[in-house]
Each structure stands twice: as C-alpha cells, then as structure tokens.
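Shown below is the structure under consideration.
When the chains are written out, they are named A, B and C in that same order, and each has its own residue count from 1.
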Amino acid sequence: MAYQEDIALMAHLMRRAGFGAGRDELEARVAKGYQATVEELLHPETQPAVDDYTLLRYQPAALLPGGQPPMGNVNIMYHLVNTKRPLEEKMALFWHHVFATGNSKVDNYDQLLSQIGLFRERGMGDYRALLLTIARNPTMIFWLDNNENHGTAVNENWGRELLELFSLGVGAYTEKDVREASRAFTGWTFETKIPRLPYGRFPWKFEYRPEDHDDGEKEFLGHRGRFNGEDIIDIVVEQPACARFVCRHLYNFFVADEPQVPAWSIEAPRDQKAIDTLTAAFRQSRFDIRSVLRVLFNSSFFKEARFKHLKSPAEVVVGSLRFVGGQELPRPGYGDLSMQPAYMGQDLLNPPSVEGWHTGPEWINSGSLMARINFVASLVGDPSLPGVRAIIDRLKSKGSLSPEQLVDGCLDLLGPVEVSAETRQELVAQAKEWGQTGWASETSAKTADKRVGEMLQLIVATREYQFA
Amino acid sequence: MPATQKAPVLVTLQLSGGNDYLNTVIPFNDPLYRDNRPAVGIPDDKILKFDKTYGFNPSMAPLKKVWDQGKLAIVHGVGYPNSPRSHFRSMDIWHTCEPEKVGTQGWLGQVAREYDPKKENVVTTVSFGPSLFRALVAPGVPVACVAGPLEKYGFLPNIQERTQRLQVLDRFAKMYSPVAGSGVMEYLGTTGLDSLKGADILKVAPQKYASTVKYPDTPIARKLKGIAQVHFADLGSRIFYCDHGSFDTHAGQNPGHGNLWAAVCEGLEAFMADLREHDHSDNVLILLFSEFGRRVHDNGSGTDHGAAGPVFLMGDHVKGGHYGEYPSLKAEKLVQGDLNPSTDFRSVYSTILEKWLKVNPNSITGGRFEQTAFLN
Amino acid sequence: MPLTTVARGRVYEWSHAVGRGAASGTGFNYPQTMCLAKGGVAYVANRGNENNFGMRVNEVKIGGPGQEELLAEFFQWGEGDGRSTWPFGVATDGRNVYVSDEWNNSISVFDSSGKFLRKWGKSGSGDGELMRPAGLVCEKNGNLIVVDSGNNRLQVFTGEGKFLAKCGKGGSGDGEFDQPWGITVDQAGNIYVADWKNHRIQKLSPQGKFMMKIGQYGKVPVPADAYAVTPLGPYLSASGTPGYPKAGLLNHPTDVAVDTDGDIYVADWGNHRVCVFDAEGNPVANLIGDAQVMSKWGQMSIDANPDMMKARRRARSLEPEYRFCFPTAVDFDPETDRIIVADSQRNRLQIYRKVRDYVDFQANL
C-alpha cells in the first residue's frame, strides 16, 4: 500500500510539474526517489532538448510561421509533447500565462515562439533578469505599445501592466507610480524590421533610443532619481508585494486554483501560510524561481493538494498525447492536433488579453467541456496507441477481470485517478453490463480490448478526471 | 420593420482570410481596374455584369440571381480607419467592435446574452466549426459548437453502437448529477448536463429534417445544411455562425479565389432554396463579411493584405441594391496602396442590431453609428 | 559585402535569385529537394504547410537575372493519382519526372510537362517497400535510386518501379545511414548521399560500395555580437562579414552536388551554408548566400505593397535577407557552370557561377 501511495504521489508531482506520466515512467521515478525527481525536473539541462531539426525536416513552416495558425501551434505543441524536460515547458507555459502576449495583435507567431524560447531558457532563473529580458523583448514592447512610449508623449500601457499584471498587483502602487515607471521606459523600442514580403519573416530587435528617453527626475514607489527602466525593475523586485504576487501565481499554477488575478487585491489567498513559505524562499534566494519551486514541490501543502487544480486545456491535450504516445513524428494532421487546446478555450500563443486566461472553473463551459472530453476519449479509446496498449497489457496480465477489477484497474493505470463513491458505482454498474473481461480467446480478447477502451473513455468523461 | 411574426434569425458567413474586393464586385468600366490587375484581372467578357458599372466574379452566378430578385444588398467600402492588415487583429476588431484595444466580448455574444439572460436555451447560438468565433464570446453565454457532422454531435461520439451509447450516456448523466453545495463539482455537474441537453436537442434536428434540396459536397455547404436543419427544428436558435476560407489569396488567385466563391455561392443557393421549401426564409437574414479587402495592385500571382471590402446582406426583408460608396481606385485616394474605407463596419452592425435583431446597438458597437437602409 | 567568393583557385560569383514565398504559382513553399533538366530548367519539390497549402512540384526556368519563368506545377496536395501529402524527392531522367511522397510511401512519375503517368510504392521494409522515401536521382542507365530514409538504405528501381537492388542499413559506420536526405551521382556514376543525422556525406561506388565520407558534426561558432536571423541561425555579426571558419563541420547536411571538375557541394542545412570540398573531400570554401538583388517575382511583391518598400528602406540592414536560411538542396548545371541552391526558408533559389576566366584583383582598377 505504501508503494501505491508513492506511485500516487509521483503521479501528482508529474501531473503538476510536468504533463503526467505513464505507469512505467512512474515506477522508474519512484525507484529514483521523490526528491531526486524534483531535482531532475529543476535542472532541465541534465536532459536532452527537443530536436528542433526533426521538427523542421518534416514541418519546415514551423520555424517562421507568420501570422496564420496552425504552424506556430505545431511548433509549441511539438515541444510540449516531446520534451524530456517537462518542468521547463511547464514554466514556459506559466510565464506565457503571466506575461500573456497574443498573436491577435502581434501577428507573428515566430515572434511569440521566440518569446516562449526566452521563457524556456530563463523561466527557472532570476526573476529580476527575466523581467528585464521581457522589458526588452520586442514582442512585448509591441504588444503593450512601448514603441509608442516617447519622451515627449508618454504611453502608459507597458508601465501599467508591468506593475499591475507582471510584478505587484493592484493596490501596491499609485497612478503616479504608473506614470513615472512609464516615463522611465521611454525610448525602449525596436528597430524597423525587414518586412515579410517576399522572403518571409525576420526577427525584431530591441533598440534603445537615448534621444527619445525622458531623462528627467522621477519619483517611484518612494524612491527618487533620474531612473531608467532597469532602475524601475530593481525597485519593483524589492517590494514585498512583488514576492507575494509572483508566489501567489506559482501557487495558483502548481498547487491549487486561486480566484482570478483581478480579485487578488480583495480576496485573501486560500493558504496564507503556504504563500508566506514561498515568499520567504523568493526573498532569501534573491528572486530565484528555481529555489521557490524546490520549496514548493517538497512542501506538504503541495503534496496534499492532489486533484485541487482544474486542468488547463494545454494540460489536457499535452497530457493525453504524451500518455498515449506515438507522437514523435510531426505528421500530417499535427496542425489540427495543435489547435485542440484552442478548441477547448486556450489558444496557445494567443491569449484573450494581457490578463492571460481565466483559469480554474472558468475553463469549463458547455462547449469546452464537450471538446475536452471527446478529445481525450478519442485517444484513450484507441487500443492501437502505445500508451493504451500498455494499459491493456498490464490488465491482461492479471487474467480475467471482474467488473470491479476492470474499473479499479483502469482508474489505477490512468492516474491513479481518485473518484467519488457515486462515480465509481456508476462505472462498476456499466462494467457489470459487460460481465467478466478476459483475453483467453481471440474473440474475447477483441471484446476485452474494446471494453477497456470504453471504460477508459467513460473515466476520462468523469468530473473527477478534469482535475489534476 | 420585418413583417414576420417569427423571431428574427441571423446567419453569419465569415469569409476568412481577407476577400479580394476588386475581383468580387468588379468596377469593370474603371481603367484603373485593368491597370492594377495585370496578372489577376478578370477578362471583361467573363465578368457577370449586373448593372452599368459593376459585375460579379464569374463564379458568383447564384449571387447574381439573388441580386436580380432584389434581395441582395451590397454595402461598399466597409472597414475602419488604420487597417492593421493583420488577419487576427482585423478579425478581432470585426468580432468585438474594439479598434483601439484588444476586446474581450463578441458583438453577437452580447446579443445572445440579451436574448437569454438566464441561459435557459443552450442552443440560442449555434456555431459550425471546431473553434469558437470571438464574435460569439461573452462571459457565461453558452454556445453550441458543432465541430463535425451534426448527426455525430454529442459526447463520446466514438461509442456508436446504439445500446452501448445509450447506456454510456445514461451513466454520464448520473455521474454529472450535481451535488448541491459542492462548489466547482456542482458547477461542473450543471455544465455537463447543460451540454448533454444541448446535444440531445440538436440531435433531433437531422432526424426531423427532410428536403428535396441537394447541397453540394463542400465544407461550407455541409455547415449551411446543418444551420438549415437546426433552424427548421424550431429550437429557438437565433444566431448561427460559420465560415469559409481561406480567402488569403497571396498566390494563384485565379482560379483559387473563384473556387472559393463558387463554393460559397452554390452552398448559399442550396441553403436559400431549402429555406423557401420549408417556408422558413422570412425570418432569416444572411450576413457575409471578411476581415479586410486586398491590395489594389496585384503581385503578379495574387493580392496581399489590404483594407476596405464589401459586405453582403441577403434575405426576404433585404432591400436589394448598392449602399455606400465604392472607394476610388485613383492613386492619390489610396491609403498605403489600399482602398480607403467609406463605410464603418459598425454602421452595418448597428443597422442589423436595431432593425433586425431588435437590440440597442450603441453599447455593443461602442457608440452611435449612422445606419444604412438595407432592410425593408 | 562580397558577392564573389574566392578560395584556393576557385571563384564563385553570385548571379541572381529566383522566386519568392508563394503557396501556388510563381514562387516556392519550403523546397525540400530539387533537380535540374536541360535548358536551365529546375524542378522543385515544395513541402507546404499544415493548412495543406503549398505542396507541389514546380517547373521553373531559371534563366539569367530577371528571367525566371514558371513552366508548370503538379503534385499538389490531395488524394489520388498525381496528388501528394508530403512531397519530398524529385529527379528527372531527361524525359520523365519522378517524385516521392514520404507520407504515402510512394513514387509517382510525371512526363516533363507535369502529366501524371503512373506510381508505385508500398509501406514497409521489405525489398521494394518504402518508409518515408526522401531524395531521388536517376542514373545514366535510366534506373532510379531512392533514398529510403525511414529504412536507412538506398533502393534501386527501374523507371517502371521494378525493384533491382539495395544497400545500407541503420547506423553510423561506413555504408550505414541515419535518416539520409538528398542524393546525387557524378559523371562516373559514383553515388553521394547526404547522411543527415550522421552529419556527413558518404560516397559510394555505382555498386553501392563505401568509398569515402566527408565532414563531421559541428555547428559554426556563434559570433560574440551575434544577430540571430532565426532561433536556430544563421547568426550574423554586427561587426562585419560573418566569419564562417571551421570548414568541414556539418550540421544536418541535406544535399550534395558534384561539378565537372569533381568539386563537391554540400547543403550544410543546419549551418546555413553550402560547403565546397575538393574531390578528395578537403574543405575549399563556403557559400553563405548573397541575395542583395531582389528576384523578379520578389520585386513584383514589393511593387504591389508600397508600405513594404518603405519599411525595407527604413530597415537598418538587409543583410539577414541576403543569407541562406536552411538551404536544403544544391545542384550543379554543367551547361552554364552554375551552382543552384534551394534556400528553403526564404523560398527562393540562389544562383552562383563558377568562374573560370577570373582575373585576380588588379591594383590599377
């Protein structure tokens, strides 16, 4: 039983810090140990990177995809599904959610992908450095109009969102601070790029124009000086509100669903002690995200938060594709596969606004629920896929299965998934319609494969399965 | 004022990708048309001329018939200032009426919310296609999104064998029975049952449907047929949405652009015949738009992203004819090589909202816009 | 920015560019391979994208500067005879054109004007069966060599599709392959294969016996003040002409060509260059792309889009546009002494001339 508990805990870690794992991988990781697995996840450089060259051999249009879907989505989906560094990708999604930048305005998936590349590279490092990187990122500059932020005519879009959505949260600054921060970032822009016709996309490049920078004195969050953008970031990261804001985001993403960000200035966190613990790690480590994550994944509040997080569409799609396996070749049809999160309400690389996506229960509406259930069901109901085959093989090795054994076996191997007594009762009732499941003869084996597929489909359709 | 007693229905057909205005409604007398279209111009004898000045693309014969019947309104030069020439941004602007910032509420989503504030009918809005169009999005507004064939719409479509399917869906309903007071779980339960209900409702539509009209075998015709089926089933659906594309004809515009229009026009012809056969045409207004028009001058093979385009409206209550002004092709009147919009798209919306859908347009369009008189 | 590359007795002069990005008609869409026919005609196999646009083979007359002309297109996306899912290889025997589809595991045959004639191919690893067929080349005797990439081998067929011979297996030893891509034969009938994942070129005898290998894995060093044109290069240096030393290092080479002197040209895809080796495999020079003059079709796009022209004038430097970006294919045209490079991510061909009457730098010019 203790071993089963180790498996369940490892499954929890892999669902949250990654995109889930099949039983073979979970067993190997349990053998390696929980803490060692956490360290491996925190050090992605110890695992091989995704082979971009293979992606480009088969889908060359995924390198510089321009403004139309789905080639940008193909690129990010290929990374998500094939990565051996799951936490690196998870952190890229995390920062994509926080620094939400969308193709709806940017119109250059290649620029969004290069921003995602920054998140991969720096997502677990120094938050101050990341903030500075994003302040200089041409994609972000364009998205929040900082190229229109001139020494003579201030545009506050970037200055405001930097404080409101990227670092401090509403209530931790005044309108004057917004104004002064914006002044400090005047002149932070990008070069005129080479246009896309006739040879395709070229990168955008940061440019600092001193002659367009307002070099006058500013007063920002109680400090006074002739601040430039970098000074603003230095002041921002030292604010107690900054630690609280970043850590609450991490808690919401990795531990348990919090209310939507705009409510954070009104509603207290669901677990203040947990936030305090993370905040302390953030400050002690001088804004090192890796250190905060280490504390988070090893904490009891994380270990006890099983199934307290409603899966995002990206988690649903990527988790399912990795689970069933066989997705290494970016084959024809990968485009539609890559758009699946969008069909469920999370259009990757194109969040609805700079606020990012609304998470938790807001992922669910009548349309998105059907889309997510049907997508996962179409995969787990296909016994030709390696991950489904692996479940069948493990069940088969137990011989003939009673209805209860079939249900419990499927629940176990799909997660383990924890369901309510009422749900289990319905699943068992369905299995009872089928009687014993066995692989003794060729015909019964065929029926048994089909029954397992149907049971798996019914399980992924449950309410409980929507949680991680 | 529509004379119908039935609730008005709007069918939107989005021409995704940016439809080329100049080769759709062709100003064949204008020498500048020829000058600017050395590679993709339509030969004069192929143009379907419908008056002294304008003609349709050769593949648009069915639409010319509607024009001849006086049921087609063409609104000219529709757009908005400072076209960004980006598919997404432009589409977003059309969908949310927010040209200055990234909007979050769709114009039709807001209509659906007014029609059904308590969300009593989960099929008020029915969209055909896998993705949810932003025009339909508003917080808490349910949209039935039919990704595949209507016949297969519902949960777990891969379990097809009849008794299995009924059993499994019955289990589903029981598993989703909301547990009162359990927060997120209860919400999921209600949503799941709503969704199941929507599927049950829509499932009826193809079963009840019978028609002598043959639709062509194209994606857009299949979507329009689905719309007809749901509309005939009288389920209280008011807003239908579908799209066809891609009209992004940078290269190989001829015959690509014509083929796209052929599919749209033939699909619409069948759809309108079907509406008439079932005596269900008098409360339907059809709207066709695209996110932008294309460059005036061709690029030797196709046309690139431009600005102003035409909007088409069709239906029994449409007063056929030209509305607004075809923007000038003169070099000095172009903006960065594009036709300068003469009609704001929100004028068109405003007319549809007030005169057809009977809702107050101003909060949705974000201001007052002069209306056009294309409805009887 | 030099348009002429001079090295060890060879001189390569940039001639012109052909093409632009286009999903159909006058332009290319991610060329995977290419072959030449008589009269300066190229057949280019385009991969396309997940919107099912762009897949096709186009037949293009290269001509001189400003003379490009589209002659035909075929093998567009779709089901059935003459249609494709994933076009890859293209070869001609002077009469017919052979194309591979690496998703449907088939070889289709067209006449020189693009009329479908026949096809063959069955998925698998047995004799005559195919797994992701990539590059193709016709031998002088009319037989077709297929790079059977997924099976890590070459297979020889008659023009009618009858299996004749095979060589190679998966691995990194001599005569073994790892996902090979392009192929060519020299005048003596020797076979050269771009052994993609082994980062080398292998030369085989006409009978398929290993003779020589060229190159070893390596990425060109990224300059300290690098300007990355894409996240995977090419990298330009702000401080002057990019130094691309380290000849002989290859990063996922995709194609190879041999000229009438025996010099060998390698499309060093992942390093964004074409490496020139002498017949013994010693590195001679690198071509990095010099498209400083717009192609004819490219100019048409600019003419139709005045704001693009304006932006071009305002761009600080157009150098990123000159350079190769994942060149996939290289061919030598003995009729004109020209090296044709399919500059895949830029959807154009860049054409160089091997100059034989070059007079070295004259101080009194």
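Please note the rule applied: contacts are C-beta pairs under 8 Å (C-beta built on N, C-alpha and C of every residue); 3 or more make two chains touch, one makes a residue touch a chain.
Since the structure is predicted, the reported quantities are computational estimates derived from the model, not experimental observations.
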Original post:
What chain is the most remote from chain A, judged by the mean position of CA atoms in each chain?
Top reply: C
**OP:** Have a look at A-B versus B-C and report the one with more C-beta pairs in contact.
**Re:** A-B
Subject >> Most centrally placed chain, judged by C-alpha centres >> reply: A
**OP:** Just give me the whole-number Å value for how far the CA centre of chain A lies from that of chain C.
**Re:** 38
Original post:
In whole angstrom, what separates the CA-based centres of chain B and chain C?
Top reply: 44
Original post:
Hey, how far is the Cα centre of chain A from the one of chain B, in Å?
Top reply: 33
**OP:** Would you pick out the residues of chain B that each touch at least 2 other chains?
**Re:** 246, 299, 304
Original post:
So which bits of chain A are touching at least two other chains?
Top reply: 68, 197, 336
Original post:
For chain C, what residues touch not just one other chain but two or more?
Top reply: 27, 51, 297, 300-301, 305, 307
**OP:** Write out the stretch or stretches of chain B touching chain C in their complex.
**Re:** 246, 250-252, 256, 295, 297-304, 336-337
Original post:
Once bound in the complex, which stretches of chain B touch chain A?
Top reply: 84, 86-89, 92, 102, 104, 122, 130-132, 142-145, 147, 154-159, 164, 167-168, 171-172, 174-176, 179, 184-185, 187-189, 191-192, 194-195, 198-199, 246, 248, 299, 304
Original post:
chain B touches which residues of chain A in the complex?
Top reply: 67-68, 102-105, 107, 197, 257, 310, 336, 339, 342-343, 345, 347, 350, 352-354, 360-361, 364-367, 369-371, 373-374, 377-378, 381, 422-423, 426-427, 429-430, 433, 454, 457-458, 461-463, 466
Subject >> Footprint of chain C on chain A - complex, ascending >> reply: 52-53, 56-61, 63-64, 68, 70-71, 74, 110, 113-114, 117, 191-200, 202-203, 205, 331-336, 338
**OP:** Write out the stretch or stretches of chain C touching chain A in their complex.
**Re:** 20-21, 27, 29-30, 32, 47-51, 54, 85-86, 103, 179, 181, 196, 227-232, 252, 270, 294-295, 297-298, 300-302, 305, 307-308, 311-312, 314-316, 318, 320-321, 325-326, 344-348
